[in-house]
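Below is one structure, written out as structure tokens; the observations come after it.
In order of appearance the chains are A, B, C and D, and numbering begins at 1 in each one.
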């Protein structure tokens, strides 16, 4: 039973009959007690998509309110709660778990050639922590809402009458969900690689997820302790962050950003992870300079810890630390740039096809370039003094978080959807939806760069009338995005029932998830795969035959 | 240097605003160049190397040490140059000239209080400053973090409760400019607006002396009350024209019977107003949120009496 | 095909035979060694997380110590150094008994492991009892965090901050001790049932790692809180 | 790692690394002695030196516990790397936070100065015992 690399794993005929992971068991219990990483990944997927829906609705309401300079549809308090909800849900419930816990959970062990993650029960526990966190946040919403912004700055958060304690506990629990996911992935990548899967034969997706997991373990506990201190501060008047009692509110910001800046890389690194896969598969080329892309992921993870002070340039930190953090901030540009350059070089002399996942990858490169370059403005001390806490910052991080991570996530979802559910979606509809999302995104957020440069502060319910035109354009853009996402929801849900049956390897990928069935069997592979070549070895003599055989086109 | 507004930036009024704009546009053109180069390359590649045959397997370079080193090392020098550019501009902002005139700023939910050297306090959310003279703001907050932001001056700094922070500027042109609170501070954050009025030095002197005399004059309680009403920006939440904002309007409020959120009701009289100023959460008029901050310790007894007289007078 | 691949194929064959034999080997691992090292790596990653978790409090402690050195000295002198020192010794002893318990399971001595872990739990109990006496004294004196602070004899207005940090750190540490006692208790039950052997003792080992970390944190807490000079 | 292989079935069994008892007791005695040293040193005043000595001794104790009680000395080096790494990142947290809090007000004395100065040093009058 020697298994060579480019034999599809389902060759043994007697095994053809074993059911895929979706059909191997039925009933609600087979889901809520499952230890299968694929099922947990799918439970995560639906949960975070639901959060995305709620966060998105909040975003639309915020944009709608900003249509006019005065009250449009809600009061100032409702508006403050709405943008807090949008930020809180999107960051803590959606983006941070999005790629690692849903898509990552699904494909990571398969890409490694493993049967599961190292600690399946911990994996399930992490999902239930996520649910508990979501429930606590829901409690916070039902018991008076929360209006601190997702950043919980003291002393506002210790004084406001809203449910900061519930929200704090919710995010605390979500933090542990994230830590457990990271812990699981690190162990899995170290210990469960299939025979022959050396570090430099791993798909770049895994390098980025590994770097992400490092941050999850090393930064998230600080968020946990920060929120715990905030809860204690509110409940018992601890005073560490309260100037009235001799504490320092700026110290809270240090604590918060020690987590939340690396958290930016928890969000963007998995996005880069997916883009590497997409660019390789749809250009049929190994990623240019594989090693430097792999190392740049780790470099970003480490450098991400050294720059948190750039959120506090005008917050009252010392001039020395301001300059220090500014200098370090610029270093982050280098590994980010290296990645972009390498993706471009991968396209060079490729064989590029334009299925919808690839469109999202190209959009990522387009948008992340803007997001990255505008980061240079913000890292520059003298300019940041002007731009800090304006719409420029809002636009910048939406270009990185939404244009980066969410575009990559959606691209990844299109890429692995056939693998997860065994069905294809309507490609034409996908391309149209993409056009809506891409155009709408730029309309919504590019205007905000202009707003911010002209001095429009963020988190404003009312605004001076000179900003209205740009706000209207931005709001219209948000409706275009929403149209795109509604279309996407329709064709995805339709495909579950009516979609064409997916071949094992619809895109002609070479990484291990394309070597198994769509959807995979419970144990992922009939036989443990053995790896004898790099992740994207399209020039391997057997690669062409493999693609032909698995793509279902002959 | 040109002080007109450009497409991206508001008018540049302070002495260092020109430097900021110069750095901004320098990076802007660099970014446009890099963006066009990279996205242009992307479009060129995806069109030129689009898949022509579903069976083709391309072959091309898989790495190039020279290229990789170039695009690692070159950006390093580039970003360090930009860092120095920003650092230079920042130094100018961080170190106030020694001849700067100090003005104290106190931020509170949701108003600004400016205190000049001779004890004059602003009463109308407008900061008056002389042209062509450095001003140093010594800032603190009474409740939560606020941020003093003047887009036309390209200056911003947080006001931190319990600590002092400072910034300085020198205005080059006469005029009225927007002052925003840039750090989220609660319900009326977006109404915590002020103005900066840059005046000719002579006119400023006259104004300051005039204010000094005015503020030391004994006045009728309702006049003092009106002054306090603008000074503490009560208007942010309470109008005098009958339209409700965050809180009930003062128009005809005195003597009216109000329903409270706890189900009880009562007459708006001296005691109720006093209680509402000192313990705002005690009795909330139905239909409003308990968001008013306390003014305990900020208002003297005589101030409260004056405010009551003022509210009485708003009919 | 390289040499490594042929080796691995041989390995994959062994894996199938192994499955039937070892009841402790989860389906997704190919050999016990892999499972054990994965469990340990996971545990160490968890401990790394704990270091940063407590780290936040250590940073807060150091920041305020550099800002208010005199207040710290005055407030710290209110802590009971003999109690703290005894507790340090108690935890060190409990670490020893726990380490020996792991060793006992390595040598197939479940009974011995049981009694050593019982000693560990007992010492942990002693630690908590001493802590209880310290706490009740502080409650009595009003040396409490924030608004609850009523103690009058420290001539600094913000001495409550020292006690705030003190209670946060020792409280969180105490909670870890309590959780440790529960987990070790569970390991005692399993040892009593003879579940461990030289082939399978990872649960005890990981519990031990956790317990030593609790000790490590106290090793830093004691001088930083009690011995400020 | 799964790529390592074993020639025969018997080495497939896990062989625990059992340390001799004297190591455990030796470390235990060393820890108790070091605790006594910290305690003794705290009765003398070396100024800032006290903190440094206390931290150095605590670090030695922590190293002993992790190397021997926690078997890091004999274990897979990766585990030591994970644990050591967490301490490096904790150190970064310390360094960069203190880089701010200890240098405020150096350029402009008006920056970062506490308004409530009395909180820093002023003895309160009421209830002062002596």
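The criterion applied here is as follows: contacts are C-beta pairs under 8 Å (C-beta built on N, C-alpha and C of every residue); 3 or more make two chains touch, one makes a residue touch a chain.
Bear in mind that the values here come from a model prediction, so they are computed numbers and not experimental data.
Report the chain closest to the protein's overall CA mean, measuring from each chain's own CA mean.
That would be chain A.
Based only on mean CA positions, could you tell me how far subunit B sits from subunit D in angstrom?
For subunit B versus subunit D, the centre distance works out to 44 Å.
Taking each chain's centre as the mean of its CA atoms, how far is subunit A from subunit B in angstrom?
Inter-chain centre distance comes to 33 Å.
Please tell me the distance, in whole Å, between the geometric centres of subunit B and subunit C computed from their C-alpha atoms.
Computed value for the inter-centroid distance: 48 Å.
So the centre of each chain is just the mean of its C-alpha atoms; given that, what is the distance between subunit A and subunit D in Å?
Centre-to-centre distance between subunit A and subunit D: 35 Å.
Multi-chain contacts only, two chains or more: what residues does subunit A have there?
Within subunit A, residues 190-192, 195-196, 217-218, 222, 243-244, 246-248, 250-251, 254, 258, 316, 319 contact more than one other chain.
If you look at subunit B, which of its residues touch at least two other chains?
Residues 94, 162-163, 165 of subunit B each touch two or more of the other chains.
Which subunit C residues touch at least two other chains?
Only 4, 8, 11, 30, 34, 37, 41, 45, 48-49, 52, 55-56, 59, 63, 68, 157-158 qualify.
If two chains touch, include that pair; go through all of them.
A-B, A-C, A-D, B-D, C-D
Enumerate the contact residues on subunit B facing subunit A in the complex.
5, 7-10, 16, 19-20, 23-24, 27-28, 31, 34-35, 38-39, 41-42, 45-46, 49-64, 67-68, 71-72, 75-76, 79-80, 82-83, 85-90, 92-94, 143-145, 147, 149, 151-152, 154-158, 160-163, 165, 178, 180-191, 193, 246, 289-291
Quick check: in the complex, which residue numbers of subunit D touch subunit A?
Touch residues, subunit D against subunit A: 1-3, 78, 85-86, 89, 92-93, 96-97, 99-108, 111-112, 114-116, 119-120.
Residues of subunit D touching subunit C in their complex?
1-3, 5-6, 9, 12-19, 21, 24-25, 27-28, 31-32, 35, 38-39, 42, 45-46, 50-51, 54-55, 57-58, 61-62, 65-66, 68-70, 75-76, 78-79, 82-83, 85-87, 89-90, 93-94, 97-98, 101-102, 118-124, 126-129
In the complex of these two chains, what residues of subunit C are touching subunit A?
Spelled out, the residues of subunit C in touch with subunit A are 1-2, 4-5, 8-9, 11-12, 15, 26-30, 34, 37-38, 41-42, 45-46, 48-50, 52-57, 59-60, 63-64, 68, 145-148, 157-158, 160-161, 164-165, 168, 172.
Could you please specify the touching residues of subunit B with respect to subunit D in the complex?
Touching subunit D from subunit B are residues 94-96, 136, 138, 140, 162-166.
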